[in-house]
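Per-chain residue numbering starts at 1, and chain names A, B, C, D, E and F are given in the order in which the chains are listed.
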Amino acid sequence: MKVSVYRKAHFNAAHRLHNPNWSAEQNKRIFGLCNNPNYHGHNYELEVKVIGEIDPETGYVIDLKVLKNLIEEEVCQRFDHQNLNLDVPDFKNLNPTAENIVVVIWQRLRAKLDPKFDLQVRLYETPRNYVEYPV
Amino acid sequence: MKVSVYRKAHFNAAHRLHNPNWSAEQNKRIFGLCNNPNYHGHNYELEVKVIGEIDPETGYVIDLKVLKNLIEEEVCQRFDHQNLNLDVPDFKNLNPTAENIVVVIWQRLRAKLDPKFDLQVRLYETPRNYVEYPV
Amino acid sequence: MKVSVYRKAHFNAAHRLHNPNWSAEQNKRIFGLCNNPNYHGHNYELEVKVIGEIDPETGYVIDLKVLKNLIEEEVCQRFDHQNLNLDVPDFKNLNPTAENIVVVIWQRLRAKLDPKFDLQVRLYETPRNYVEYPV
Amino acid sequence: MKVSVYRKAHFNAAHRLHNPNWSAEQNKRIFGLCNNPNYHGHNYELEVKVIGEIDPETGYVIDLKVLKNLIEEEVCQRFDHQNLNLDVPDFKNLNPTAENIVVVIWQRLRAKLDPKFDLQVRLYETPRNYVEYPV
Amino acid sequence: MKVSVYRKAHFNAAHRLHNPNWSAEQNKRIFGLCNNPNYHGHNYELEVKVIGEIDPETGYVIDLKVLKNLIEEEVCQRFDHQNLNLDVPDFKNLNPTAENIVVVIWQRLRAKLDPKFDLQVRLYETPRNYVEYPV
Amino acid sequence: MKVSVYRKAHFNAAHRLHNPNWSAEQNKRIFGLCNNPNYHGHNYELEVKVIGEIDPETGYVIDLKVLKNLIEEEVCQRFDHQNLNLDVPDFKNLNPTAENIVVVIWQRLRAKLDPKFDLQVRLYETPRNYVEYPV
């Protein structure tokens, strides 16, 4: 009896979209205001989906306290109130678009989550723009 | 032309997580505050997804009044303002975790819904914790 | 590295559900208040999902400004503040149920979106009733 | 011990903004798309606030079932799935702007509500535009 | 320069509406399903409003960490995952209606909050029913 | 017939809380993570409330297109995708706390709004923390 379990979390961060191989003009043309050299920021909302069998002893797929703590350690403590470009090593050589952030978050959680579970992550950059990985 | 149609509903209920085969200590350790013997409660939000072909006569997959009434009869009238552990026979021998509740709701709706439709149910226990069946 | 990217939009419109091949009585019986000959209306909320590979140069699946403008041109400028039955040619011979509207929106966007992308559309007619295509 | 009690409700309606004393050009210039002669529509969300003393016997300011039924009878049954301009006598000679609708709703509820209560009404025409009466 | 500062919190609890001076019949007639002797429950959402002058040194009216901790200690740790009737002494002789709960919360916070601040509390029992004190 | 009219808008910005008259230690102690020298950011949500008489010709208190454009020019074009500390002159010598930002926004709108209207502004820094001016 497989069920999907979801847990939400959030973090606030600054970022800037920039490709160091491009000229300033090209960066401005492609990324527009998101290329502001002084950064801008977002309240990122995160939805983590874990798929697995219901444990007949507990009635849980996964203890949500465990999942909450995993998200806290792997994502929130690293990203919250940080500048993604400057403070977070994951984005040292990776443009912090929503697409790239969601893949990084999935990789961090996947590395620590029991392989018996499937995992999907959705990330809201704003209430109108969001991304999901894997598809 | 298959389309998914969603309808939301809600019910308010008390519950307690408890495994009668465990000691009080183990129940407390695994379920924490959710094991409170005097119960706690939630505003459960339900999203029912029905998948089927558009009827060319009506332009409907399913008449939402029919779906609304089915949810009302099979779920809300049985669960709303009830103590899931004490008042709802479905949980007489089943721990009312979100995972188990969503499977029970799916089984109740599946039994009454025309077999030509596919069915998926999502249940919010809180705005931050929710489950979905089938995956 | 395939990621799903979502963009929300909205439009306000009037409509009426009606099958011209039926008697007034049958229309009333099937569509109820939605058959009101003077129309009623909704704030439609639209969620467009585009699935594709992350471009390693930009870190984008698709530039959201491009997607936003496509939705604006193909959907909002045609549907917003319109009477779907009277003002929008797509519904001249098609009952504007949520199911039919979401398929029309998908067809309009699909025709203009690069074939390398997959596309799914969700349409909220009210916060409690919504549809999705394809399934 | 005075407390404010709120109850939400909703109705879906078509309307058109139009001043019959103006030319078509002036109506178009002032009301823009809202002047569409074929109407457009909204999911109106209503919040009714009743202020009064807590009854020491019940712990209620007002029984919410009573308030819910009053809103249903005075507002929803008259406005839901209607064309405000054509179907609702209150707007026969009154332009159905959000401002005018909220005052009409307040007057209808005020006439039936016990004078010992104070009353305020908020009406959402869209999630971004809303009005409140009295100030 | 007076500004209002708001902070949200939440707790999940079971309760039952009941007046011990009334017969079972009268309790049932007045409180309906809310009188269920086995309790039901809610996800209570709390909004605390503190009004005061901006401190020119910090730019804060009140440090939100201080306010967050005060709400946690005075409200959430006492009410969360509890049965309001059985586990919370404040409701030993007080019917836990939303109106009475919001006044109790206000009194608890008022007793610990610096008198230089004004205080107002809003409590959502469900997304459709909520109360506010003082008016 | 005075009515309150509300319009929502939003902007995304980076900021840092810092008092230049304090030591690094004191800044860290008071502002915590918000003092990060590399900035963090938010999706700011803005609600502007304008109070005035209903114009009997239009049925409007104020044309919402006019209000929308005023907010766009005075707030969004100056703050959106900016670093409040570095890019926005209003905060050159003013700590960009939510309290100070909401007062600055009020002052900007007040200077351009017809004096016959009353004005109040609410600013959400996150869905859980928000401020309002005047009280």
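Keep this in mind: contacts are C-beta pairs under 8 Å (C-beta built on N, C-alpha and C of every residue); 3 or more make two chains touch, one makes a residue touch a chain.
No experiment lies behind these values; they were computed from the predicted model shown.
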Set of chains adjacent to subunit B and to subunit D: C, E
Chain labels contacting subunit B and also subunit C: A
Shortest contact path, subunit C to subunit E, counted in steps: 2
Distance-maximising chain from subunit B - centres being C-alpha averages: F
Between the pairs D-E and A-F, the one where more C-beta pairs touch: A-F
Residue-number overlap at the subunit D/subunit F interface, same or different (half cut): different
Identity of the chain that, by mean CA position, is farthest from subunit E: C
Subunit E-subunit F separation of Cα centroids, rounded to whole Å: 29
Distance between chain centroids, defined by C-alpha means - subunit A, subunit D (Å): 41
Per-residue overlap in subunit A, given as positions that touch at least 2 other chains: 127
Touch-based graph of the chains, sorted into line, ring, star, complete or other: other
Full enumeration of touching chain pairs: A-B, A-C, A-F, B-C, B-E, C-D, D-E, D-F, E-F
Subunit B-touching residues of subunit A, taken from the complex the two chains share: 1-9, 51, 54, 57-61, 63-65, 118
For the subunit F and subunit E complex, residues of the former touching the latter: 17, 19, 21, 30-32, 94-100, 102-103, 127-135
Complex contacts: residues of subunit E adjacent to subunit B: 10, 12-15, 33-34, 36, 38-43, 80-83, 86-87, 126-127
